[in-house]
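Here come two complexes built around chain A, the first alongside chain B, the second alongside chain C.
Coming up: the complex of A and B.
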């Protein structure tokens, strides 16, 4: 659930989602769920001439399974905090594993 | 938005609810574009679309085909887009018949394939192995 929580902290930021079909969509992150499905508002498509179908779309829901990369604004990511959280999560899962 | 969902498990349902009964563009994994009214969905993004059309875009034209009710299995969904009617009215695209759009698309695909064959032959002659053929699918 770490990345779900992480993405939740990015709501409101402008992100670029690169899909597995090479479509890149930039927009304001509206919401994210446990599958990392992403909702974007005020979207812009990187290579617009290749995708005329996106011209009339203003906001979209992207299924998590088709996402290749998400490009984030540097200022919005605290990598030290993320690293810490990753450690904590691993520790938690190993200790709970021992208990079980 | 999703605060009314008690345990935060199926948040997909929360995020799609505001798209219900709206006219959506659905991109599928095979490259098809379906436009229809979203009537139902679940946490996998399985969708039911009513009064749907399949739209083929090629260059600056498009063609529509009536498809009626569409039930899409979630795994095939790439993207759901809400159509902005203001933007939709003044698109620099012209509508042609579905058959015509299909014809233009097939022609383009054939052209591309021909180029690909030439390129692959050249690469092959240079001693490169060509075992990957580019498609729109993934």
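Coming up: the complex of A and C.
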């Protein structure tokens, strides 16, 4: 759930999504859901001459399960804060596990 | 437009979808891309695409789509999704 919240903070940023079919799509992040399905606006496909398949597509939905990498703008990510949040989430899940 | 996990490009009118991204597409056409000939259009009619097989769904801009000379487009078919 942490990365769902994390991606929600990146809405509006320009990101590149590399898919498991070796397609790379760059666009403005519009929305993310709990499965990390991603919606992008104003998309551009990397090496367009090899991939004219999406020439006339301007915005798209990418299924979370086919995403390999998401390339993010450095300025938009506070890695220290993210690490801290990740640690806190693991801690929370281990303590609640003990209580149950 | 939908790209499936096996790299097919299907274009049609989206009639419905659900949480698992199962899609119902009417007037569905498969666009078969090849390096040695133009794009082949295969009419498929009404299609149901199971969600776990869907990679990308995109909105086709009709105007720019109509301006594409598909007979002259050469491209490798998209590769399939490999986990």
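Keep in mind that, in the parts below, the second predicted complex is superposed on the first by the 100 of 100 C-alpha atoms of A that agree within 3 Å, B and C clash if a C-alpha of one lies under 4 Å from a C-alpha of the other, contacts with A are read in each partner's own complex, and residues count from 1 in each chain.
One rule holds in what follows: a contact is a pair of C-beta atoms (placed from the backbone, for glycine too) under 8 Å apart; a residue touches a chain by one contact, two chains touch by 3 or more.
Not measured: the values here are computed from a predicted model.
**Q** Kindly say whether there is room for both chain B and chain C on chain A in the superposition, answering fit or clash.
**A** clash
**Q** Just chain B (first), just chain C (second), both, or neither: which does A:44 touch?
**A** neither
**Q** Applying the touch criterion given at the start, work out whether A:31 contacts chain B, chain C, both or neither, answering first, second, both or neither.
**A** Once the two structures are laid over each other on A, A:31 reaches chain B alone.
**Q** Could you tell me if A:53 is touching chain B, chain C, both of them or neither one (first, second, both, neither)?
**A** both
**Q** Touching A:71 in the superposition: chain B (first), chain C (second), both, neither?
**A** In the superposition, A:71 touches no partner, neither chain B nor chain C.
**Q** Please identify the positions on chain A that touch both chain B and chain C, taking each partner from its own complex.
**A** 19-21, 23, 25, 37, 43, 51-63, 65-66
**Q** Could you pull out which chain B residues touch chain A in their complex?
**A** Residues 1-2, 8-9, 11-12, 14-16, 19, 25, 27, 29, 31, 33, 45, 55, 57, 60, 62, 74-75, 77-84, 87-88, 91, 93, 136, 138.
**Q** Where on chain A is chain C touching in the complex?
**A** Its residues touching chain C are 19-23, 25, 37, 43, 50-63, 65-66.
**Q** Please name which positions on chain C make contact with chain A in the complex.
**A** Touch list, chain C to chain A: 1, 3, 5, 7, 9, 21, 31, 33, 51-52, 54-62, 64-65, 68, 73, 75-76, 78-83.
**Q** Could you please specify the touching residues of chain A with respect to chain B in the complex?
**A** Going through chain A, the ones touching chain B are 19-21, 23, 25, 30-31, 33-35, 37, 39, 43, 51-63, 65-66.
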